[in-house]
Structures are given as C-alpha cells and as structure tokens.
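Chain nomenclature is as follows: A, B, C and D, assigned in order of appearance, with residue numbering initiated at 1 for each chain independently.
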Amino acid sequence: MARHIYSCPLRWSDMDAFGHVNNVVFLRYLEEARIDFMFRLAPGDGSPSFSGGSVVARHEIDYVRPLVHRHAPVTVESWVTKIGAASLTIAYEIKDPDQVYVRASTVVVPYNLAEERPRRISAEEKLFLQEFLAEEPAAV
Amino acid sequence: MARHIYSCPLRWSDMDAFGHVNNVVFLRYLEEARIDFMFRLAPGDGSPSFSGGSVVARHEIDYVRPLVHRHAPVTVESWVTKIGAASLTIAYEIKDPDQVYVRASTVVVPYNLAEERPRRISAEEKLFLQEFLAEEPAAV
Amino acid sequence: MARHIYSCPLRWSDMDAFGHVNNVVFLRYLEEARIDFMFRLAPGDGSPSFSGGSVVARHEIDYVRPLVHRHAPVTVESWVTKIGAASLTIAYEIKDPDQVYVRASTVVVPYNLAEERPRRISAEEKLFLQEFLAEEPAAV
Amino acid sequence: MARHIYSCPLRWSDMDAFGHVNNVVFLRYLEEARIDFMFRLAPGDGSPSFSGGSVVARHEIDYVRPLVHRHAPVTVESWVTKIGAASLTIAYEIKDPDQVYVRASTVVVPYNLAEERPRRISAEEKLFLQEFLAEEPAAV
C-alpha cells in the first residue's frame, strides 16, 4: 500500500494573532496535498479526470498539536480509505518525522463541471486509487 | 433554547477558480460566527474568558449545496450541543431562509495562553452556554 | 463630485502574528470596495460592463496607521482620479470618522475575458465614472 | 551587488474566480520573499533585528503579465534601492527565466514592538543591506 507524500511549504501569514498556524489554514494544506495527488498524479491529467472537477462533500479534522511558522515545509501524508461508485475518502496526517499535528479525512465527489452534476469514478481512476487504499488509521 | 445568529458578509475573493465559495472558506465563516459568539457575547469579554484564548480541537463539516458570491450576507446559526469540564461542542448551519449550504460542528477547548495549557470551563461560562444548549440536529 | 462609500467588515483572521490587520489584507478591503463600485453600481451589471472582466495594472498604497480587529466595519471611500481611453484610476481612503489608516490608488484596465484582451471604456461607463471624478488627494 | 533569490511555491487557492493568481496574492509572495530576506538571512535572527518587528509603510506594484497556478514555484528576486536612517526600500521582480509577472517596491520601517515605535537601522543591519544595494530598475 502506497502513501502519497506531499512536502507542504508554510507561509508566514498562515499564523493568526495567537502566533500559531490557524486551524483553518491546515485545510489549505490538505487541499494542496489533495490537488497534487488528484490533479497532478492521477491519470488523465488535463483530460476528463479529477482535475476536470471535483467537489468536497465532507471534512473531519482533529488538531493534535500546534504548529508555528518555520522555513522548513511540513509533510502531508495521504492515502485512500474508501472507494465508492461516485465518491472516495482520503485520510491524511500532517506531520514531522517525530510528531503529528493534524489527522483528517475528506469525502470527495468527482464532478462534471460542464454538465454540473456528480459523476461516477472511472475504472482507470479506480485502479490508480487502489494503490493507495488502506484501512482507516487507529482512532485518534 | 436560544440560537446565536450571525450575519456573515461574503468577500469576492472567497470564490476559487471553480467560481464557488471555496470549501475551506466556509471554515472562516464558522470562525467569524464563533468569535462573535464566544469573544463578543460570552461573559468576561476582555477578562479571563474565551477571548483570553481557546483552541479548536476538532471540526466536522458537511457541504450540502454550493454558494456563489453575492452582496447579501449569509446566515450562520450556532448553538451548543455539549458542555464538558474542559471543552464544548458548537453546531452550526450556514444558510439562507430557504436552504442550507453547510452543516458543521466544532470542539473548542478553553486555553490559558499565559500558562500555555487547557483550562476548565468556569461556572459563569457554563451558565451562558446553557442558554444555547440543544440536541444534535437530525443526521445530515 | 460624489464619493463611493463602502462599509467594509473586518474578519478576525485579517490580523497577522503581530496582532494587527496585515498590510496585504488592506488590498482585499480595496478589492471589496472596488467590486461594489465597479460590479454592483456601474452600469450594465450582468451585461458587458466591468463585471465582465477587469484587470488591476498597478497599486500604490501608503500605510498611515495600524488597525486592530473590532466588530464594527471600517469605511472605504473611493473616487476616480483619471479616466483614460482604456484605463481608469481609483483613489481610496480606508478610515474611521476621525482617522485614516490607508491611502491608496489602483489603475484598472477593462478586459474582454472572451477575447482575452483589454478593451476601451464605453461612453456609458465614462458617464458613470465622471460623477466620481476628482483631483488627486493632497500628498500623503 | 547581490540579489536575494526566493523560490516561491504557489497554492491552488491563490487563483481567483477569473482563473489567474489574484493581484492581492502577489503581495503575499513579496511578503514571503521579504521575510526570508529580512528575518532568516539578516543578522541578529532571533535577537533584536528585523524579525523583532518591522512595518510596511508603502507598496508600489505593477502587474506586467498574468500568472496561472502550476506546480513549479515562481522566482522572487529582491534587492535594496534605498537605505535611510529609519527605513529601507526593497525592489522586487516576480519572474520566470524568460518573463516577468510583477515589478514592485516596498518601504519597510524597522519597529520596536516592545516600545511600540519605529527605530533606526543598526550599523550591523546597514552592512548587511549594502551588499544588496543597487540602482532602481529601469522604469516599468
């Protein structure tokens, strides 16, 4: 089972007035990792694949430990926990080698932007996603 | 049982390249509603209350319907679904009178910034929160 | 000579780790005021007017005084200092009744998104803009 | 004369509803480059240097060419065009090897956060800045 590893650069402005990376900004880090995974790596980049449109249906996110801005990127590790007919679930950890900051999961629905409606996952996409398919992580 | 009503202005830049309010931005709307509820309304504003520090421990968020930028604000309705010894859970709906865009909930932990550790909810805070205490909404 | 008055709500997240509204965020306030002025008020809303596309060619912005988040909105006052054949210049002050936080100006170029090229200002647009035309403010 | 080179990663969310990197976001790229230059590289990092506080007094920014999100970072080249007693001016180009997207300059005022007032540039800071001192670029 493979995991998608995304090295996510921080921005100084990711911190809020309390001097920590703001809780909402971690969702941006997940978005960046997801786009790298689903738009850049997934089959059909530039053609009718996920980059042609996808919609977030749900997020769950647990904040384990605060993060302060630094020059080194943080790692977002992603994998797939469910492949449905017309949706998939991605799980993530935002972490350094020695500690975890955030655990999260997202339900994504592939979307046909032209026809403005959800669409099914193709056989080609399913093959790609299965490489990253794994059990849910242990409870937070 | 009272609900906290926050009229949340949109910004044009809340839309992403797909032309909808981006999924991450809805968490900003929840933050604005929560800050109005916990910093402005809650007792002890300016003194050792929630505005003295609080940490988000968890979000769950379901996207029901897309939202496009418009000049009128959107309503964020908030209430309390759980009051623990050292945490509380807020539920929200982001909506117009005739439809719901987002349902969400957040676990918040009051935090003593000076001592850098979580703290218990005070009796005064509990009284305030109980006015907004209600059952969980029906399943999404 | 009229001025366009925009009442701009702040967000808590507009503050950076120094506890002030971040310098970049003031450009968002200008964007909101400009969109209200050019997209909502200008003639042809919904038809081939500024809302059909416009490009920022230049900003100048002077920071006069820091601003901290509060629940009351801040005022953005806008007017027009130049109307060219294919560009216009908007000047602004971000202020409260008794003090100014920011003085700025923006060169905007109307843009034909479909043809991907700048276009001339129409006679109808010019008439609208002339109501707001004034001399440059005194030097900052 | 040295130039400070900053390799600036884009985020997908930097694009607005027109599908280009939003004009305001380029100021974030300048901020990231400036922070790398003044907080990380400048002398006294962690001690009473620029990282102890600095305030933006003015930006000028010219948009030369639109930029669309891609996985490769964009280059921000920075240098110093003026060193005053209590302010400095930084000039920048945001560019790829073969084209320029943005030309800009920022007046920065070193600030003593504890005493809440501007302060003079130290001799040590001046020495550091002089390595990057150059004439203004040719007019845009």
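Operating definition for what follows: a residue touches a chain if its C-beta (ideal position, glycine included) is under 8 Å from a C-beta of that chain, and two chains touch if they have at least 3 such contacts.
Chain-to-protein mapping (UniProt): A, B, C, D = Acyl-CoA thioester hydrolase.
Note that the structure is a prediction, hence the values are computed from the model and not measured.
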Chain pair with the higher count of C-beta pairs in contact (A-D, C-D): C-D
Distance from the mean Cα position of chain D to that of chain B, given in whole angstrom: 36
Cα-centroid distance, chain A relative to chain D, in whole angstrom: 31
Approximate Å spacing (C-alpha centroids) for the pair chain C, chain D: 23
Contacts with two or more other chains, residues of chain B listed in rising order: 12-13, 24, 28, 31
Topology of the chain contact graph, where touching chains are joined (line, ring, star, complete, other): complete
Touch list for chain B against partner chain C, complex: 9, 11-13, 28, 31-32, 35-36, 39-40, 71
Interface residues, chain C side, partner chain A - complex: 12-13, 15-17, 19, 22, 24, 69
Of all residues in chain A, those that touch chain B in their complex: 18, 23-24, 27-28, 31, 53, 55-63, 66, 113
